[in-house]
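In the two complexes below, chain A is the common chain; its partner is chain B in one and chain C in the other.
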Partner chain A sequence: MKRLLVILPLFFLLSSCIGKEEINDLALVMAVGFDKNEEDEIVITAQIAQPGDVRGDAATAGQTGSPLWTVYAEGKSIFEAIRNIARFSSRRVYWAHNFIIVVNEQVAKEDGIVDVIDFFNRNNQLRMRTWIVITEGEAKEIVATQTGLEVITGESLDKLFRYSRIVAEAPRTDIMTLSAAYMGEHTQPYLAMVSLKNHGIDAEKEFGDVPQVELSGTAILKNDKMVGKLNQRGCRGFYWFVETVESGIIPLTCPEEEGRVSVELRENRFELTPNYKNGLVSFDVSVDSKADLVELGCPTEMEHSEVVDSLAKHVETELKSEIEAMLSTIQGEFKVDSIRLGRTFYGKFPKEWEGLKDDWEDLFPNVPINIDVSVEINDPLLLENPTRPSKD
Partner chain B sequence: MGIKEKYEQNFHNSMILNINDIEEILGGSSDIKKREFYLYEASHIKATLFFIDGLVNEEVIDKTIISPLITKSYESILDKTRPALGVYLSERITKHLVSNPSIATVSKFKDGIDGLLSGQSLLLVDFCEEAFLISTPGWDARSVNEPQTEPVIRGPKDGFVEKLSTNTALVRRRIKDPFFRIESLQLGERSKTEIAIGYIEGIVRDGLVDEVKQRLQDIKIDAIIESGYVEELINDAPLSPFVTVQGTERPDKVSAEVYEGRVAIFVDNTPYVLIVPTHFWQFLNASDDYYSHYLIGSFYRILRYIAFVVSLTLPSIYVMLVSFHIEMLPTPLAITIAAGREAIPFPVLIEALAMEIAFELMREAGLRMPKPVGQAVSIVGSLIIGQAAVDAGLVSPIMVIVVATTGIASFAIPNYDASYSLRLLRFPLLIASGTMDLLGFAAIFVIIIIHALSLRSFGEPFMSPILPMYGTDMKDTMVRMPWWSKKNRPTTAKGDTKREGSNQKPAPPKSNSASKDSQKNNNSN
Partner chain C sequence: MKTQLSNGMLIALIINIVYAKGIGVTQGIIARQAGGDMWIITFLSAMICLGFMVITIFIIRRSPKENMMEQAGSMVGKCGEKVVAGLVFLFFVGAFGGVMITVVYHLQDYFLPDAPTILFIIVSIVVGLYGAYAGIEVIARLSMLGVFSIVILNVLILFGSLSYFEIRHFLPIMRNGVMKAFLITEHHNADWAMAIMMVSILLPMVKEQKKWVGSGVRGVVYGALFIVLWPILNVGVLSP
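Entry: the complex of A and B
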């Protein structure tokens, strides 16, 4: 007992604090970008938070003036580039709090992103819930741009994805879903895309436009290489298959007259049913939607109830054409099963899948998919008539 | 013949010899007073009364001893000769004359002197071969006050005092049960401290009282000043930082525990009464829990459980997270903590240890300082630790919050002894998690838990009723169930375990037909 009392404290006191890295000795990376330079080297851009400035008042000391410190370094591999950041960083570069990984389209198309997936899976510090996106332009620019309301722009990008389900313009892709799709037997990965577009206004600079990061479609990957992108309309059709659509605005024109009508999807039910008959694979897609009329810009004489019926048909055709457009791109052009058809099939017919899985790549482009959309527009209740002047 | 032998011998039949021996044994201490007088109508029979100044009530001595003896007559005293005279006098004095409610005859010097020293009056009479011990206590004692260390909002405000008989009376007033036993013994070869153990026969577990008595009788020590001496000498786990004997100042608490089959140990000259066996979770129960609404009682009890966990682990978890496991913090919190630590020159562990010690220092200084200057401690402490240290960039504001929260949480534990032991355990945990991250924290935490689980208190597992789990006792552990639902006494009680009748849950009277039904049900039950 006495010996234990002597030895036990020594265990701790003589351990010399192995692995100690205090929070103020670390450079917390908030966003990271992957590009390629002319010499075919990886360029890593890291956005590092300067905590003293991020939390203005909370910190009584240690402010340098700018909340973010964005730096880049080149290297032959990701690891080498990261090590090169350490050559000039005064603190240890720490990746665990990274919000988002931005990959340049060029890198994704030519080199593939397998090293990115591997690096972020292998490193034990890293969180699997880090967003990963592809950009058409330079990843460096996305990382360095001051965008959104947050002081840390990485956090702005994080929130952009957190609440992106409302607009359904780009899927929410993190390292976890990417790795699962990449490593999975039945699936192919897809990634959200972002781009820089002038949206912000700086009143001090003669209303010059300020670029902001916006969601701009979906990149389709085959294994780890990008094969093409879906535009925003195709992306809405794609969204049904990969995420839960919470809402979405469908802009339409008035049934008979000039003017705009918007319908907002409220409650949606999406079902994908695989069929297997006589050795033939087919799928049934059914979409059930309840929608609200949110904008009715037609000076129509009709009662709401009449407008609503004809609008529902319009919405149905619109939704159906969105899905069809997406399917024709994915099946016809890219020939990549990003919409998890194989996986759904495997879920219902695991034995049959064994015979099909080797040929799935060839089968997929020609699998027939029947789409059935039904939309019900909610009665606006007390609001019986469209908004119109009653002067005459 | 030395003093020791004289002390052990019987009284002589000569009063003069007796007086000489008593004075020799007591060495002429100045607080021992002697009063000599002659019995009424018998001027040749002399009596001597010994008593100790300050320990007796002189008015009582006058009224119940001296005045009856010198004013009332002794019939036919003169025709008696010794030894018949001695026997007659003894009979006359104890049965007819002395009007004090308590009088005993002793035949040994030892008994007489011990009685004298514990505040009784010793009466010696010519021709008698025995002495009389008459109870005339009258020393100055603190009156019954609200307990300082265990205040309650709702509940009785009386607390134990330094006088043993007052303490047992406070409990007896709450247990008017013929089976409530109080047994006395004396401990301490020189101090001869009165000890009393109280229990209810028929509820207490078989053998528990014998075990308590055995352990008490095994104590061989010169003096017992406070119940802490007894506690440490009968403890099951003398090396453990955990307290396995509960001490309390509250008579209501002692009574409630005795009703649950525990044994109370009263020690003279201290207001702290010991209760055995003790479960760890009792330290988190306050008397208020039982007196206020059961929902409120349960809420605050759960809060205290949280406070217990916080006071034990919060600084260690903070140090561990900030210096090793930064990835476990949510990002905005990590940035806030990093912002606060931006200019701090010390490692987190040093910062935490310094702040913890500063906090303990303030607590200790506030306790030891004379009350009029006590304010200075709190002003200086709050200014230096709360304000200046942060402004100067020596301590991060979050560390102040962590240490303050820990301190407040440890004050929320009702039993002061238990909160002391938790404070002690905090330091190894802190050092381990500051040097060996989660591994160190987990290792020390598991060692503490294994140790706590191995403890027993008078045959009861220390961590029960949670481990080992006793289902019915859970009604009074994490939560306090309403009284009408606690039909039986907890498992500490044996024998008569039924606490209350059936259907104790109050309900409005039912309509006639319904009440008939319920009566039927009762009958069938």
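Entry: the complex of A and C
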């Protein structure tokens, strides 16, 4: 019995030492990029953080003073490329804190991303809620660029996605949603796109634009290969089908005179209803929005109630045209059901779907979709008249 | 002094014996066969087993001082008692295998991927042996602690999943037909069988005989609620 009492605690005490990781021995990857080189090899770029220096303890003994170390390595497979980082990294590459995976558009188009999905699904260090995006340029540029307010690029990009619902212009895509869409029987994946644009200003430089990473559309994939991308306008139409639209800005022109008007969507309801009549499939899309007038750049003589009535019609037309533009691209050009029409139809008509699912790829481009948009702009009761000079 | 369990301990034991495998390997198998109907099947299975639990308690209550094996002995003699005891032993050896697969692989995959499998097996067996050495009262007390852990785990998983939850993933309901749904319940029925068999052995030790049925029913209902949350979140978030 005494032996058992001695041995039993040892199991618990010793087991905690197995698989232990000391932070000083780890190269904590914050962002990773996938490109291809001229030899058709995979190029992996990893942005690695040094915790002591990120914290601002540059003077601490043993620290280099630079919070980030961005490196790349090549290989015939993802795993080989990662192993090749280990050939020069003084620490063990550790993926558990990775914020984002950036894939080059060319890689997504030509080779597909099934190896990326598979690798990160198998890797027990990686979290399934890691963001994954596609970029037109080189992924290594996105990974290496200092963007946003955070010290670490990966963290800036993470926050960019966390708060991207406010602008509703790129879907929030992570490994989990990508894997679910890729492996799903009735779904096709899509990914957010990012690009570098000169938005930052460096006051110390004479000429000053500093590139920043911005959301720049949606990549549409068929199985694991990218077939095309939606522009900003198409993205806004796409967002209704795949995400919850919390907010959105609709820029318009003034009703009767020159000037700009901005309307902010505040409360939104989206409904997609499948129909099946006489062997024909169709869908009804219904959008109900309550909006606020946030900018009226024309000193109009009209009263506010007249202005908002007139603008509501404009917003309805604009929203409808955004959805139509997206549908025209998705159905007419890409012919890929990324907006889950088949999955929605299956939800309501499972028996009928059995007869249609094999032909869905051919049916999808010609499926009629009726769009009904209703917008109500809040009339600011205490602000009776638009801002205009009293001199006139 | 004869070992005695409170009715609360019985409820906790029922929840604990079903929960680990019920949310683990079982859900994976059901998801592969039933897809989005997995939550209905989990619920159906619990309801079927609720009936069996009540029947079992009524049977044991006929001779409340004897467990299933002792009752077999009273009916058909010592030889019959040994046969039933042997069958119960074989059943729990098989059940132990299923539970160990769930516990070992989940702990290894999610918490200590570099640790050798044998470590998890040894630690689990040692903990089980310690329970057997200390007696059923100690196991029952620890199972009350286990219920708190289960509640905390469920609350955490709920908060972590709600923002990804979509009702449309649940459609169509009963996509595989009612008959197939009933057939697939066999996987989770096997989990509940552990609880029913355990109750048939432990019931004579439980204090308040009048509350046996109530405790058994509450154990199944609470256990079912804790377990069914997992397939609901699974479907709502992942749409299998």
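Here is the rule we go by: the second predicted complex is superposed on the first by the 374 of 392 C-alpha atoms of A that agree within 3 Å, B and C clash if a C-alpha of one lies under 4 Å from a C-alpha of the other, contacts with A are read in each partner's own complex, and residues count from 1 in each chain.
Everything below uses one rule, namely that a residue touches a chain if its C-beta (ideal position, glycine included) is under 8 Å from a C-beta of that chain, and two chains touch if they have at least 3 such contacts.
Everything numeric here is computed off the predicted structure, so don't read it as measured data.
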item: Touching partner for A:180 - first (chain B), second (chain C), both, neither; value: second
item: Touching partner for A:24 - first (chain B), second (chain C), both, neither; value: first
item: Touched partner set for A:76, first chain B, second chain C, both or neither; value: neither
item: First (chain B), second (chain C), both or neither touched by A:346; value: second
item: Partner chain(s) touched by A:199 [first = chain B, second = chain C, both, neither]; value: neither
item: Touched chain A residues, chain B compared with chain C; value: B
item: Contacts on chain A seen with chain B and repeated with chain C across the two complexes; value: 11-12, 15, 18-19, 125
item: Footprint of chain A on chain C - complex, ascending; value: 109-110, 112-116, 119, 122-123, 126, 130, 133, 164, 168, 171-172, 175, 238-239
item: Chain A residues within the chain B interface of the complex; value: 1, 9, 11-13, 15-24, 26, 28, 30, 49, 51-52, 54-55, 58-63, 94, 96-97, 99, 125-127, 152, 155
item: Complex contact set, residues of chain B against chain A; value: 239, 322-324, 326-327, 329, 331-332, 334-344, 347-349, 390-391, 393, 397, 428, 431-432, 434-437, 440
item: Residues on chain A engaged by chain C in the complex (per definition of touch); value: 4, 8, 11-12, 15, 18-19, 124-125, 176, 180, 184, 187, 343-344, 346-348, 350
